[in-house]
Structures are given as C-alpha cells and as structure tokens.
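Both of the next two complexes hold chain A, though its partner changes from chain B to chain C.
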Partner chain A sequence: MKAVGFAWRSLVRQPARTTLGVLGVAAVGALLFDMLLLSHGLIVSMGDLLNRRSYDVRVTSTAALPRSGPLVRQAAATTGAIERLPEVRAALAIRFADARFDGRDNLPLAATFEGITGTAEPPWSVRRGRDPHGMDEVVVSESAAQALAVDVGSTLPLSVRCRVADEALPPLPVRVTGVADLTFELSGEITIGGPLAVLEQACGGTDQDEADMILVVSAGDPRRTAAAIRSARPDLQAVTNQEMLVRIQDTGFTYFRQISSVLTTVTVTFSALLITVLLTVSVNQRLGEIAALRALGFSRGRMIADVLVESSLIVGLGAVLSLPLGWALALGLDDILRRMPGLPAQLHFFVYQADALLLHLALMAATALLAALYPMRIVATLPIAATLRAEVIG
Partner chain B sequence: MNPEHELRSPKRDLGTVRGDVIVDADRVSRVFQMPAGPVTAVHDVTLDIRAGDYVAVRGPSGCGKSTLLHMLGCVDAPTGGTLRFDGHDVTTLSDRARSLLRLTHLGFVFQRFFLLPMLTAWENVELPQSEAGVPKPARQQRTRELLEYVGLAARADHRPSQLSGGEMQRVAIARALANRPRLLLADEPTGELDSATGDQIAALLDRVNADGTALVIVTHDAGLAARATRILTMADGRVASEVTR
Partner chain C sequence: MRVRWPILLTVLLVSIAPANAQSSTDILISRQLADAEHLQLGVTIKLATAADGSDAREFRIAGIYEPTPDPQRLGQVPREVRLHLPDLLALTRPRDVLAGAEPIEGINVRLKNAADARDFAKAVQAAMPGVLAMPAAESTPAGPFKVLEQFHLAIATVTILAATVFLLALTIMLVDERRETVGVLRLIGLPVRRILTQILLEGLLVATVGAIVGLVLALLSEQLINRFFQWRYDTALVFVRVSPQVAAMCVSIAVPLGATAIVCASWALLRRSGLRLVRR
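Moving on, here comes the complex of A and B:
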C-alpha cells in the first residue's frame, strides 16, 4: 500500500476529523479564492468596461477622473478639431447633466442625461427601438424605463440642471426612440441619452457646448493618438484606456487590493493552522502505531510522506470544494457590492481570472506543505524505542 | 543485506542456517541522559543470537529487558560496545539502512499489537511486504499462507476492532513474519492476553521457532519463558544468569 492509499485509509478511519478538516479548508479556501478574485477583479472589470466600446483614448480638461473635474469648453469645436487629426478615426463629446422627472405620486426623481455630439458610435447599445436622431429624441436605460414607466414611443417631460438658473424653464417634451444599455450608467442611476442639442434645447437655447469628456477612436496606436491630441491641445488631458486604468487603480482601487492581500494572508494562515492542529492531534494519537511501523522497517521518509500526503488530501479535497463555494459566495458579494452608488452599473468586483485560480491552487498547495511541517517533524524525530516503551507504560 | 523479495513457505530450511550468528552483541551498554543524571539501562551485555535460537529474557521491571530487545532489533543504538547483525556493525548504518535491515531481516511483535485499525488483517500482513517492494501476486500468496499459518484465513477481511486480543496478536505475528525475518523479537507478546489465549500464542511462537525463525522474547510470563531454549535473567541492566536447555 503506497503513501496515497495509506493516507486515504487514515482519513477514512477518522471521518469526523477528516470532515472537519475538509470543510474548514473549503470555507477558508472559498474566502481565499474570493480575495484573489477581488484583488484584480475590479481592474479586470474596469478594463473590460473601458474597452467594451471602440473608444481607446479619453480626453478631459484636467487629470481628474471623468464626471469629477471641470468641463471641456467648446465641446463641438474641440471634438471637431480632434476628429481632424490624422491619428483619429472618430470622436464623440459626452456631457453628463443632472435631470429631473416627476415620479410616482409626483415625487421628484433624479436622473442623468448623457448628451453626445460627434461622429463616433454612441455610448449605448439599443436593446429595442432605435438611436435618437432628432432634437427631441432620447434613449432610456432599462432602469429609467421602469422608474419612469416609459417605453419606445413614450413622451417624457425632460427637466435638466443648466449652467444658468433653471427654475423658470419649462420641461422639454422628448420622445423615447429606444431602450438601451448605457455604458456609463452608474449603479442605481436612471439614465437618458440623446444628442447634446437636446440639452441645449432643454436649457432654453443657452450655451451648453461643454463636455465632461471626449471619447476618441484612434486610427491605429492609441498612445500615438493620445500624444497627438496632447500636442495639438496642450490644455487638455488625453489618456489611453490603459493609462486611465492605471490612474483609476492608483486612485480608487488600491484599498481593495490591500484588503484582499491582508485577508489572503489571514485565510492562508488560518487554513495552515487548522490543518496543522488536526494533523498534529492525529499524529500524536498514533505515535505507537508510527513507532511500531518504524520498528517493522518503514523508513522515516515513508512515514513523513504519509503525513504530507494526508495533509495534501485534506487540503486538496477542501480546495476542490472551495471553488464552487467561493464562486457562489463571490456572486452574492458581487451583487451586494455593486449596489454601492456612484460606481458604473456594469462594473464587477469579483471577476474570474485563470491567474487567480492558479494562484489559489498554488497557495493551497503551499498551505498543505506548511501545515504538514510540524507533524512531519514529530514523525521525523520520533524516538522509536522510547515511544514503544512509553506506549506500554501508558 | 538486501531485501529478500523471493517468497518461500513459512517453514525455513534449518539445515542451511541453524547455528549461524545473526546478532552479536559485545559489551553493549545503553545510557539514557535524564534530567537527574545519566541512567544506565543496559550495562556491558555480551551475547549472540544464532539461527534457530529461542531466547527468553526475564527480569524485574526496569532491569533493561526491553532496552536490550530494542538494541537487538536495531530500533535503538547502544551507547557503548558493538552490535553486529550478520557481521555488520549496525551502529555505523544509516537510519535508512537500519530501516531496510529491520524490514527484511527482523520481525517485531508488540505487547499492544499495534495493528493498523483502518486496515484488515489481510492488509496488515500485506503491508510490510508492500513496503519491501514484493510484487503483488507473491504478496498475496504469502499473505494467504501466513493467515492460514496463524489460523486466521477466515478472518482475513476483519479489521482489528473485529478481532479478539489473541487473534490480533496472531495477525501481528503473521505481519512480523511477512518478509521472512531471520530473527523475530517479541516484547511481552502475551502481556495483554488471558492465560488460555497466552498459551495459544506461546504455542504459535514455538511453531515459528520450530519452523526456523530465531526468537528473542522479553516476558514476565514464566510459562512462556520456560518454552525457550535459552533463558537470560537480567538485573540492573546486566545479564545476571543464563540457562541453556
């Protein structure tokens, strides 16, 4: 009987201890898996979000993140100028404006209006209906359609917050031409999209020619495109998606990585301690048997291998169980975290990554080895004669 | 001293080995370093164990019987003197080599049996052969023979918890014989058994010896010791007397 079979029989011999160990490892392994998914999940998801559409360079007036800094003035002209650069295939200015509707029971309902101008594709995908083209046409997100009880063909009274005082402005009736997935919709947000001209019209014709950001589709290398824009307009910030990702990572997501690192260390340590305790108790209960096997000629290496394999089996079984458990837990936690206001609605915290899975397996393997070190030392240094004597006396 | 992988019947060919020195202990001592000071458990013991010998070691508790047995069985090393197995100084052997020596040339029977509870009687007997690398068909044949030899063929699939004390000790003897040891060492083999069962085990050990395996038994049981051809009586770590019959 080889070490694996021997260790397996040892585990089966003590089902309660084995079950406790495997479930313990499965629980902490699930947490470990989640921490590893969380560690890079936000960045992966944000990268996916940034790259979801064809825009690969973003232009803002300052280094602040979009929707948090000053606006780009003369948006239409600036967008046109950028579009004319040879490194640019298309560009689109986007302006986020606060909007207001009367909801159920005439309670005011806050919303966001995304006004666009330019030649690049709009930042939404129409689910049903069509894109808005006219000066009084909009698309609404699914959440907006539900909250405002509208659908394709409905008319909405649009009130927006303009640069000038808006109290006296009457709502602008706009027609819903489509229900769409809006790329920049935030969690819990009600979003409406349409031409920037709609915003200007809703503001009574006052100048609304400003943009939070200009989205650019490069003609080739986005870094060259960003450099060309910076060269042509030194007053603007042009960053590629990758640079934007780094900026977001540096400013907003470091906390998650730090938390993830701390919890990863805690879970690995806890897992190792749990298995060490279980194996040490098990080995101490079997000292007589181990000494007898050594007396019968089983080598020290073989006995050490038995402990290591036993540890590996417990951790291996726990690790296998931890993956579906961790994934289910990740889905639940992701659902909770995504409800945080102010985050892109399509952003995920826990994203499957092959690297995270491999790291999880590597950490579990290291845990099995780490956990077995102390009980292996007990076996390795066990004095055969003294143990046999002690067992008889005991 | 390579593992003996070939299998023979439990009965040895006495004509070729009887009388050869298996273990030669020359003024061996064993001193334990205790917090209160060194304790000499075995002091200047000289003896040899020859093929076919049946040696009983007697004496009061703490006189060094088990320590001597452990040294003869290469699980403990003397702190003084020399101990040779088949002419090889065992104190110079590595731990691995001593393990191999025990696996292939020595058998141990313990007072508390120390059968592995998660294995059946069959698996317990098969285990040392598996460790010695005996091929499966030969292993199975040898295991079947040994369980028949100890009268437990019908209990092969039983776990130790399903066996009586006497049956467990018989399985332990079969396990000790699994790799055809030249020397079988038993430490109080009847110590946990009632007298009737102890007699059965004693009879089995007689048979093992008669079939060619040298025996060294440490025992308080006068009846068991009386079956031996050499009786060593120890006192204060020394061999106080030796009676050969």
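Moving on, here comes the complex of A and C:
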C-alpha cells in the first residue's frame, strides 16, 4: 500500500479527530488567507483607484497627501500653464470645500463640494442625468441624493466654507443635473460636484481660485510629464500614480500591514503548533502499531513518509476548505473596515491577489512540514524491540 | 462644546536665529521636530509659510511636547509647531484678508454645566446662522477606534472558533488515552456522575492554569509589542494593553471553554460500558 493510501486510512479510522483537525486548520487557514489579502489589498485597491481614471500625474503644493496639505494658489492659471506643456494632454484642478445643508429637524448636515476647472474629464461618472455645465449646476453622489432627498432636476441650497470669514452668506440655489459616482468621495461622506465657478458664486463672487490638487493626463510617459511639470514649476510637487502609491505605502496604511504581518506569524505558528500536538499525540498512541509495522519490514523512511503524508492530508484538506471560508470572512471584515471614516468610499481592504494565494499555499505547505517534524523524529528514533516489549507487558 | 477641529498647523522651519536676538513669542514644538532639527528649549527660530522663507517671523521654543498619538497618522512623523492663535493667524493671513476676518477651524467651549451642551449648541446655531455647533460627544466620530474594535473583535471570534475546534480534537485524543483508566474506575463501581465530576474539575484546573499562562504570555508580549511598534513608528501610541477587563474576559471565555471541551469529549467515552472501555 502506498504511503498516501495508508495515511488516508489512518485518518479515516479516526473520523472525529480528523474532522476536527481539518476544521481547525481551515479556520486558521482562512484567517491566514485574509491577513495575506490584507497585507497588500489596500495598496492594490488604492492603485486601482488611482488608475481608474485617465489621470496619471498629480500636482500638489507640498509633499503632503491631497486634502491634507496647503492649497495650490492661482489654480486656473497654474492648470492652464500645465496644460500648455507639450507632455500634457489635459489637466483638471480640483478643490474640496466644506459644504453644509439643513438635515432632518433642521440639524446641520456636513458635506463636501468638489469644484473643478480644466479640460480633463471630470472625476465622476454620471449614473443618471448629465454633467453640470452652468454656474448653478451640480452633480450629487448617491449617498448625497439619499441624505438630502434630491434627484435629477431638484434644487439645493448650497452653503460652503469660503476662504475668508463670510460664513453668513445666503445659500446659493443650485440645480442637480445628475447623480454620479464620485471617484474621490470618502466613506460616509456626502459629496456634491460641479464647476469651481459654482464655489465662487456660493462665496459671493470672491476669489476661490485655489486647488487641493491638479490632475494631469499625460501625452506620453507619465514620468517625463511629472519631470516636465517639476521643471516648469519647481514650487509644486508632481508625482505619477506609481510614485503616489509609494508615498501612500510609506506614510499610510502601515497599521494594517503591520497587523497583517503579526497575525500571519501568529496564525502560522498557532497552526503549526496545534498540528504538531495532534500528530504527536496520534503517533504516541500508535507507537506499538508503528513498531509492529517496522518489525514486519516497513522501512524507517516509509513510516516517516506516512506521518508526513498524514500531516499533509490534514493541512491540505484544511487549506482547500480555508479558501472559500477565508473569502467569505474577508467580505465580512472588508465591510467592517470600510466603515472607517476619511478613506475613499471605493477603497477595499481585502483584494484578491494571485501572489497572496500562492503565498498562502506555500505557508500551509511549510506548516504541514513543520508540524510533522517532531512526530517524524519520534517515528525515526523509535526502538522497535523495546517498544514491542513495552506494548506486550503494558 | 466643540466646533470642528482644533487648530494645529505645521509650518516651515527656515533657520535658527541666535537666542535673544530680538523679542519673540513663545511656541511649542513636537519632540520629533526637535529631534530632526536638533532644536532645544529656549532657542529662537524663524518660521515662514513660503518656501523661500519670505516674511519669516521669529519665535522662541518654550517647550517640547509629545504629540497626542493618532492611529490615523501612524507612519507619519509628526513634525509640528504649536503657536498661540493670534501668532498663527498673523503668520498665515493672506495679504488680501483683513486682520480679524480670518477663518478658523473651530472653537472649543467648556460649559459650566456639561449637561447643557445640546441646548447651548442649539442656541448658538440659532443665533449664528452658518455656524455648525454640536456637543463634543457628537462631533467627534468614534470612527477609526470603533471600526478597529469591531475588526479586532471579528478576528478574535475566528481565532476562538479555531482554537475551540483544535481544543476539541486534542481533548478527544487525550480522553481516548485514558480510556482504560476510566474503564477500571467504572468496573470498581464509581458512578458516571462521579467520574464526570472528576473530569470536570480536572478540566477546570487545566483550563485555569492554561488561562493564567496565556495571560502571563500576553503581559510579556504586551511590553514587547508596544516597545517594537513605538520604536518603529516613533510614537507614544499604546498598541496593546492587557487591561483587567480584557484579562477577565479572556479568563471567562477560556476556562468554561476548556472545561466544556473536556466534558464533551469525555461524555461519549463515559456512555460506553466499563468492559468495553478496558477492551475485555
């Protein structure tokens, strides 16, 4: 009988412990799979988000992440100057301004207004209705439409936080021309988008010519475009999507990468330790049987292979089960983490990556081998005659 | 009461001026900034908002502070300066904005009676259209901490489930090893209830010892993990804290779980006859 068949029969002979062992590995494996998805999921998702639109260079006033640093002054002129560079196909300045509306029971409802100016495509996709063109037209996100109880054709009283203390300005009535998916909307945020001119109108015609960032569509290589912008405007920071991703990787999301590393280590160790205990106890209970088989002519290598295959079968079956289990768990955990405020609404924490799957399988294989080491040593060093004698006397 | 966020701004450090060169106002700087720029208490520095250092003003470092740890800014070294609000407004005011017309992020109000917060917010709201006023308890989203707590709870649940399954497998094997002992006890007349009580007590003892060892390990790793991550991120943030509540919760889960697993695993064995157990 081959080692696989023999190990399989050994496991089937003790269905309760085998089932529990496999289920335990499946649960731990699911957690391990999720942690591997989490370790790079955010970066993959953020990369996908950055590349979702045609913008491939982002211009800001400092190295701070957009929406957290100082504004780019003279946004319209700067955007125009950037657009005129031969390496640039189109550019778009975007300004995030605090807005507020009256919610239920007249309680204030905080929102964000995304004002844009430039020639590149707007940072939203219209679901229904059309893009805003006039000085009193806006699009709203689905969450804004629900929170403000508006739809295409409705009119909204827009109040925004202006650059100077003119907060008591009357609200500007704006018309909703469309409901859209806004690329930069944060989770839990109510977002309205429209031309930057709408913001100036809402601020009583005062100068609001500032931008949080300028999004650029390159005519060719984004790195050359970024270099050209930096050369033309050394006071500004121009980075490609890839560079932005590296910056985000360095400064943000580190907590999740660290917790993922810690939990990956813990789950692998936990899993290896428990399988080792399971196999060791199982081998200790079968010492007489193993000695008898050795006496019958089974080689030492063959008996070691049996233990290794047994470990592999438990871990292998658990690993296979852990994949659908882990995916289901990842959906639940992703749902929890996406409630975190201040992150893009379309960002995901758990994203499928082939590399994560391969690493998961490799770690599970290593766990099977690691867990089998000690029981294999017991089998390898088992004194046949003494064990048989002890078994008979016992 | 609180209206949005407190003022906190990082401004550009231009150069270090000789101390006592001229009268200057006091500022506080973060420990990280002090370390990065080798700044000390009492030194006078120049700050400006423009990269070329134009319109710089002099300030004296009156204190070095440890920034309040913020999990959302983990990984970012907080090189911060804290100024008196009038100094900050004077430094950052655009040329076309009159003094006194600058917007600020928010005003924190401490009421004589905290219970009046909601009524006070409504009164401010009514008296000052355009100002967003709300009780502090409602203005700060529980956000990141609440979400992280739920995330950790979900992971802990999965870990407990996995541990329970393994525990059951292990106890089944351990109980199986004692099959003959239990059989002999049955044959000499001990009732099932008596043996089960003994097993339960053993289980409780083992689970309690296990829980205590687990807590000791957690306390040891608490120091290790905190020191590592505080060093890694240069922060005073406490990452792991084994509080009495957490310890009590762990023990209250682990001990009954361990004892129940042993009793459940033993139950199937005890239903068999003594002769079958001793394989006669």
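As a convention for this text, the second predicted complex is superposed on the first by the 394 of 394 C-alpha atoms of A that agree within 3 Å, B and C clash if a C-alpha of one lies under 4 Å from a C-alpha of the other, contacts with A are read in each partner's own complex, and residues count from 1 in each chain.
Convention: contacts are C-beta pairs under 8 Å (C-beta built on N, C-alpha and C of every residue); 3 or more make two chains touch, one makes a residue touch a chain.
In this text the structure is predicted, and so the values were computed from the model without any measurement.
Trainee: For the three-chain model obtained by superposing on chain A, do chain B and chain C clash or fit?
Mentor: fit
Trainee: Using the superposition on chain A described above, determine whether A:Ala390 touches chain B (first), chain C (second), both, or neither.
Mentor: In the superposed model, A:Ala390 contacts neither chain B nor chain C.
Trainee: Considering only touches as defined above, state whether A:Ala362 meets chain B (first), chain C (second), both or neither.
Mentor: neither
Trainee: After lining up the shared chain so the two structures overlap, which partner does A:Pro341 touch, if you call chain B first and chain C second: first, second, both or neither?
Mentor: Touch partner of A:Pro341: chain C, not chain B.
Trainee: Output check: A:Val246 vs chain B and chain C. Expected answer is one of first, second, both, neither. What do you get?
Mentor: So A:Val246 meets neither chain B nor chain C here.
Trainee: Contact-wise, after the overlay, does A:Ala295 reach chain B, chain C, both or neither (first, second, both, neither)?
Mentor: first
Trainee: Specify the angle subtended at the CA centre of chain A by the CA centres of chain B and chain C, expressed in degrees to the nearest 10.
Mentor: Approximately 90 degrees at the chain A centre.
Trainee: Tell me which partner touches more residues of chain A in the superposed arrangement, chain B or chain C.
Mentor: Counting contacted residues of chain A, the larger count belongs to C.
Trainee: A:Gln285 in the overlay: touching chain B, chain C, both, or neither? Say first, second, both or neither.
Mentor: Touch partner of A:Gln285: chain C, not chain B.
Trainee: After the superposition, what is the least C-alpha distance between chain B and chain C in whole angstrom?
Mentor: 10
Trainee: Considering only the defined contacts, which chain A positions touch chain B in the complex?
Mentor: 1-2, 9-10, 12-13, 288-289, 291-302, 384-385, 388-389, 391-392
Trainee: Considering the complex alone, what residue numbers of chain B touch chain A?
Mentor: 66-67, 70, 73, 75-76, 95-96, 99-104, 106-108, 110-112, 114, 116-119, 123, 126-128, 130-132, 175-176, 179, 187-188, 191
Trainee: Spell out the residues on chain A that touch chain C in their complex, using ranges where they run on.
Mentor: 16-17, 20-21, 23-24, 27-28, 30-31, 70, 100, 108, 110, 159, 161-165, 167-169, 188, 207, 235, 250-255, 258, 262-263, 270, 274, 277-278, 281-282, 285, 329, 332-333, 336-337, 339-342
Trainee: Once bound in the complex, which stretches of chain C touch chain A?
Mentor: Those in contact with chain A are residues 49, 51, 71-72, 74-76, 94, 96-97, 101-103, 125, 128-132, 134, 141, 143-144, 147-148, 150-151, 154-155, 158-159, 161-163, 165-166, 168-170, 172-174, 176-177, 225, 229, 232-233.
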